[in-house]
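Residue numbering begins at 1 within each chain, and the chains themselves are lettered A, B, C and D in the order written.
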Amino acid sequence: MTDSLDPGRATTIRESFASQSLMTSFSAEMTALGPGQCEVSAPIPATARQQHGAGHAGLTFALGDTAAGYAALSLMPDGAEVMTAEMKINLLAPARGDRLIATGRVVKAGRRLTVVTAEVSAETDGQHRLVAVLQGTMVPVPAA
Amino acid sequence: MTDSLDPGRATTIRESFASQSLMTSFSAEMTALGPGQCEVSAPIPATARQQHGAGHAGLTFALGDTAAGYAALSLMPDGAEVMTAEMKINLLAPARGDRLIATGRVVKAGRRLTVVTAEVSAETDGQHRLVAVLQGTMVPVPAA
Amino acid sequence: MTDSLDPGRATTIRESFASQSLMTSFSAEMTALGPGQCEVSAPIPATARQQHGAGHAGLTFALGDTAAGYAALSLMPDGAEVMTAEMKINLLAPARGDRLIATGRVVKAGRRLTVVTAEVSAETDGQHRLVAVLQGTMVPVPAA
Amino acid sequence: MTDSLDPGRATTIRESFASQSLMTSFSAEMTALGPGQCEVSAPIPATARQQHGAGHAGLTFALGDTAAGYAALSLMPDGAEVMTAEMKINLLAPARGDRLIATGRVVKAGRRLTVVTAEVSAETDGQHRLVAVLQGTMVPVPAA
């Protein structure tokens, strides 16, 4: 995934990501961005666990949803913002490891609806294990 | 919704909820619990926003998923714990207001799979607005 | 559920339903229609079974999706038609019995997106058993 | 995708498919089968249309769900059968063309739950267009 978006566009997207306080709370970073693709990575913080000490489904969801949303936004016209209309997640394994890596991808970009998928993997000592897959719909909204 | 679960069972469930650090991070409380039903409420903290200042979809999801999960757990045998197998959320309106209230409900409890729904409302000055609906599957797992 | 739609509107919707050849193939009927609600019923024909002789998930889905779609259309402006953007189904029990009854309901009608749910029950000797729940999104499209 | 399953296993799966009367009604064929993968193809029969003459969402769903189900079954132990626990479909384009081709794939096979995806494409004059993506969960059931 190469950062081959228009530089102004990429900056706008990265600023939008940086303004999501939930991503900051999770110490998440946008680790890659390209046309129709986005990767978001985060540790599995002690503040975002479920009752067994693994990452909470809400953390996994938030990372996958965010990666998918910015993948969608990368193909929308300037001045648009993006909102999740709906998203489905299947959880495959507990979110344990050094960090989570969410990769969002546009399946079909449309004027009114953009269909996206995302995968979330857990990385432990350089090994990756798929922990969740997501499939959903993003819609453009006018920028605030 | 009355708290008519066996008191020991209710205590176990509330302790499980209390041990979810993500719920603590979100200042979420379990505000009701009954057989096949659970309500989780939280403010919309400044630390869990999206780029426009509304609550992040990850917050709404986490509350709805958690309420649905404990609704499922309330009908499972002692000694079980619960895990989300899959969950789908449709977002209806921005999560803005004084707090979010997630109500989980069991549609069908099974030995292997429990199907659940949840609604998440935003409360503002005592008025409620539905902001999301969820539908998914919980599975029992042996307690750690 | 009363058929309290504008009569012209109700006629348009019933004609649209009647023009769906899949519904005719399944001997499905629109058994109720109201603002934001629609019921579709069908036998479980020998031609729509899965490998164990129960109704195929595709039959259950088609009835639930169609009931949900016309529930959405009932709240859309004249001249619109409706399309499924996405739909999720949880199957609760095998589709066995005398007939299936799908009830669609609008959760939130919007200009661009209408969020819907549906329930599908199997009726046997006058007894009803819930066999599936659906949750999805309908979008208006200009009429052909 | 090569038909590299154990021949006895492949025969059992193809017989199960052949016993689904809905697939016969749709003139559907299992056009490929391998470990964790299955392709099902069908024309868009005049008997399975929606109100605008395109293939009904129920047809597209049924093909995708079936391809995903047999992909899952291919990795289950002998003597098991498979059932859809839940399935989500995003529809990307009207189902128009010479035939539909559904490709199911296992994302993660488990003892209790198998997570699957499927893609459905419409073929017209040898050109393929993606019309739907599905993501869901299959569960093993004892053979009848």
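Couple of notes before you dig in:
Keep in mind that, in the parts below, contacts are C-beta pairs under 8 Å (C-beta built on N, C-alpha and C of every residue); 3 or more make two chains touch, one makes a residue touch a chain.
Values in this document were obtained by computation on a predicted structure and should not be read as measured data.
Farthest chain from chain B, judged by C-alpha centroids: D. Across B-C and A-B, the chain pair carrying more C-beta contacts is A-B. Note: centroid distance chain A to chain B, computed from Cα atoms, is 22 Å. Between the Cα centres of chain B and chain D there is a gap of 33 Å. The distance from the centre of chain B to the centre of chain C, with each centre set as the mean of the Cα atoms, comes to 29 Å.
Residues of chain A found to touch two or more other chains are 85-86, 88, 90, 115, 136-137. Residues 85-86, 88, 112-113, 115, 136-137, 139 of chain D are the ones that touch chain B when the two sit in their complex. Chain D makes touch with chain C in their complex at residues 16-17, 19-22, 24-25, 46-52, 56-59, 61-63, 65-66, 81, 83-91, 144. Chain A contributes residues 88, 90, 92-93, 107-108, 115, 117, 130, 133, 135-137 to its touches with chain D in the complex.
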